[in-house]
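Structures for review follow.
Two complexes follow with subunit A in common, the first pairing it with subunit B and the second with subunit C.
Right after this comes the complex of A and B.
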């Protein structure tokens, strides 16, 4: 028994270290967004400030990057979900002998380094462009087009994996029934298969958008004149970092936590409703059962509400809080410290000089007139005395 | 295969069938195969100004590959020591990162896969959230921590462990931590997926027969989880060997990653064929290494990506 509890303790210890490694950097980074020094740090903590957020929203390049990222993200979602769905449909039907080869080809882009994908896309379309005799400003060498194409190459593989998992549970008899009842193939696809695939399509689309939004390796070769948010961030981080980046990171972290909690709360709620329906008696069902409240037994929903409240508090504080006094105080304190330091140094120097003077007085007293290392050549009287 | 094609079109309807085929062909041929072939072809050509491309000087040459091994012609050294060292260092470091991640993640994946309860969903959520944050921002977060006046240095100097701040970035510790950090989820999920489907009774049976804790893992869990482990290791290795953001942000000023050399060839030297040749070398070496290791551990390609 003692052994078991020791094991359990060490498991928890390991989990704690692991999640500290995983989440610690994000928490620390978020915290630096609220500290006033120009360099992102949490120690020493100087002043609670929100100026980095306004600095962020005034940054033209970041805003422009967000715009490009969103355009590219939507393009990539459309293209890669369509290709992923087609790829998944073909995978479930393909001739068995070809299956392994086909699977290897469509799964390969996940394993190919993003840098290689970016380069090959750039080189290939550049060549097509030249073969067609188009200029350097043609559609095919446009940064948006190249980035969407390059990202879709591997994001479509992710989508395919998500979609094929759902497609394997699809009963082909449903399509056949629709066809027997006189639907065309396109109708059967739109009215039977697509509704069945909707949850998987939604998660594939979200996944594709996120993957596109945060992609760096491929985009860095293809973006041309349309830098995405990730590219702008990388350039900022490489050439000098400011807490404004932390502020952006904080916003992204909060949005992510929101999305994850909302999704989790929704799933949990569906489970609870389902359980309530199953447990209800027929009588209760007739009268319309009382469904559990949104917050009851749903930890994720409670957390969601708490995070929302915290966000509101932060925003309200941000509008009312003014760090000017604190920053002035810190500046004053720094000035005093610096002055103290200067005075200390001065005192030390004076002390040293006094000591040296004493020494010189003792040792060099006989030739005190000539104690400069240059032998008085700079003495204005030196020349005249020679003459 | 016209029979197969006809059947396919019959089953899906001509319009739908052609749409599916068209999309798949566009993806596999225009997006996947042709660009790779084109890059391979490009890597064997000299670096020419645009007007001369396709002209008489545009012939096949192995010059770009020779450059990687022997360095510039008439150079002072027999081998291109700088680039080769970067290349091998990248591979070795990527392998080390993979092993580090495997050791770190296996217990977590095992714990998550074999424990039931509500808190497992919360852990899964906590695993996924960092993965949704931008790669650049994750590297940036580590830079704040490992910097000269960063959290770690302040902490250790404050405790009196170090007298002066320790340069984590110059010593590449930040880089390895960053690479490991970036791909943790890709190691955990494949292993977790496999271990979750392992019947708990097998472990109980082994324990009842008197197997020690280590033996249970070596004889029961690890053989069962092999597809997941190899899939996770392959992903982490390929991604860290091909990483660009983490080395650019967390790498020391004197140490380069091979992808950074490729980047320099493209962006700073504008020598595209040279960059393409380096990219081909990176791709081929990584694939061969992965295949060799998979052969060594007897894993199939089909298990990857499940």
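Right after this comes the complex of A and C.
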């Protein structure tokens, strides 16, 4: 018994460490978005503020970066999912003896460093551009085009891996059945294979978008006049960052959590509906299926609703909350601290210079009354941690 | 109902590399027939079906459907519909969409498709199940949906690739009757692939027995069962007792066979081999378990077999007696249970009698694997 509980305890301990390792940086970074100092940090906590969000949305370069990232993301999704699907289909059709070789070739871009892909994309298309006798401002040297092409070289391989996994579970007899019933190959593809692949296509699209969005190595060579978000962030970091970047991180984290929960809730709901359908008799089916309540037995949906409520609360707080008073208070505090320090120094100097002079004490008396509410912030040690 | 569209295989050869899957198949299938290809797995029967449906081009020879040569015509242009072994229902489509898939291809409106699907659902006794997904149906129901889907395409020839093999025994027997009824109702040609001789015998108008790419015999169920052309056909279809030996004398359509273990026995030469066998040939003689009757002790002659009883079992509708000796390793005799008192013969020697018309002689050949 003792051993068992110890084991259980250590499992929990391990889980705690694991999740702290995974999520700790994200949580801390998110928290810094709400603290007022100019540099992202959580200690000392000064004032709850939302100004970094407005600062973020006023930063032209960040906004432009997001726009470019989204455009490139969508372009990459279209190109790499299409190429990935073609590659996956070919893998199932190709002569078995060639399959291993083909697989290696098509997987190779994942193993090649992104930097190399970036440089080679740039060099290759520059050659093509010159061969065609086009100028430096042609379509082929456009930053968006090059970045989409460059990223797709390896993201298409990721997509192919996702699609191959689904395709392996596809029964070729389904295509044959469609053909046998009179469908052309194109119809069989569109009406039977494609619907079957849809979940994997969605996964591949999400994966491709995320991989494109976060890519830096390849993009850094190809972006031209269209810097993506990661490029902008990297350039910003060089000159020092503000909590506005934390605010961006927070938004991305919230969106991710939201999307993940929504997806989970949807899957759970489908399972519940399916279970309900299977349990229902024919009569019930005829009358239309009684859907279970959206939330019953669906933990993900509950979490989703909670996150939504939390988001609404935060937004409402943000619109009503004014950190001005707090910031003023903090400023006042800092001013007082500085003054106190000056006075202390002055007192020390005065004490050293003329110990018999007692009139200064009378002047200090009102100040100490004022400061009584601030606890030990006037401790000289506390000062050293700030500024 | 019209007579239906016939199918002909003319000197059909199908090779995969060095492997010959089908060897010189010549088959004529009458329009409106329920025709079965019967054989063990790997005998090439599915290959023939794929050649008829158009998924496979024959290496040599022709497939004719309704007299029209199908060379170069793809599966989607042939007047055939195939029912796959695993049914291959489209998992993401509802039952009615599955059934009306061929109409969707032709651009029929949803209302038309729905109407036709509902008619077919009534025909296969699944009314009101159109809005379910195939995964929500039972095995037998899925089976019938697959048939309805194939029939919706209004094929001239329906091809069935062991469609009952995935079902349990009860359902399989039920579906046999149902398939036969559906075939009679729609009146089109059914080509049925099976390794189950029970299915072939109960449903078919005509059967082709296949072995290793070769068609051994074509005939109706009775001919195949009572008058097998080869040792393989005799041993594959139904149970049979085999006696190996040499032909001693031939008179008319009867032959006296010197069997290795049971002395000289008379048997009828199977129709396909009459006039082709001569004295001194290696031959195999077959007598069905149910063709034996227990004879009085000590009876002797060329249609009596004496052997020692090894064990007996009671099967409800019959008694089975397993005997040592005989032509093969073991001799099986089935006595129908007609309420007679049946005493245990275990360990005793028993004399059995058979009628010559119920025995058959074929040239020695390969037997079906147990």
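The working rule: the second predicted complex is superposed on the first by the 328 of 387 C-alpha atoms of A that agree within 3 Å, B and C clash if a C-alpha of one lies under 4 Å from a C-alpha of the other, contacts with A are read in each partner's own complex, and residues count from 1 in each chain.
Definition applied: contacts are C-beta pairs under 8 Å (C-beta built on N, C-alpha and C of every residue); 3 or more make two chains touch, one makes a residue touch a chain.
Remember, predicted model here, so these are calculated numbers, not experimental data.
After superposition on subunit A, the partners subunit B and subunit C are accommodated together without colliding. Of the two partners subunit B and subunit C, more subunit A residues are in touch with B.
Once chain A of one complex is fitted onto chain A of the other, the partner contacts of A:214 are limited to subunit B, with no touch recorded for subunit C.
Contacts of A:156 after superposition on the shared chain: subunit B is touched, whereas subunit C is not.
Contacts of A:183 after superposition: subunit C is touched, whereas subunit B is not reached.
Shared-chain residue A:127: touches subunit B; no touch with subunit C.
When the shared chain is aligned, no partner comes close enough to touch A:92: not subunit B, not subunit C.
Aligning both complexes on chain A leaves subunit B and subunit C separated at their closest CA atoms by 9 Å.
Annotation: subunit A residues 184 touch subunit B in one complex and subunit C in the other.
Contact residues of subunit A toward subunit B in the complex are 11, 14-15, 18-19, 21-26, 28-29, 32, 39-43, 82-83, 86-87, 89-90, 93, 95, 100, 102-117, 119-121, 123-125, 127, 130, 149, 152-153, 156-157, 161, 184-186, 189, 210, 213-214, 216-217, 220-221, 229-230, 233-234, 237-238, 241, 245-246, 248-249, 252-253, 256-257, 259-261, 264, 299.
Those residues of subunit C that touch subunit A in the complex are listed here as 53-55, 74-77, 80-82, 84, 86, 88-92, 101-102, 104-106, 128-129, 131-132, 136, 149-150, 153.
By the touch rule above, subunit A contacts subunit C in their complex via residues 171, 173-174, 176-184, 187, 191-192, 195-196, 277-278, 282, 285-286.
By the touch criterion stated above, subunit B contacts subunit A in their complex at residues 1, 4, 8, 11-17, 19-24, 26-28, 31-36, 38-39, 42, 50, 53-54, 104, 107-108, 111, 118, 121-123, 125-130, 132-145, 147, 149-151, 154, 181, 184, 234-235, 238-239, 241-245, 248-249, 259, 262-263, 266, 272, 275-276, 279, 282-283, 286-287, 290, 301-302, 304-305.
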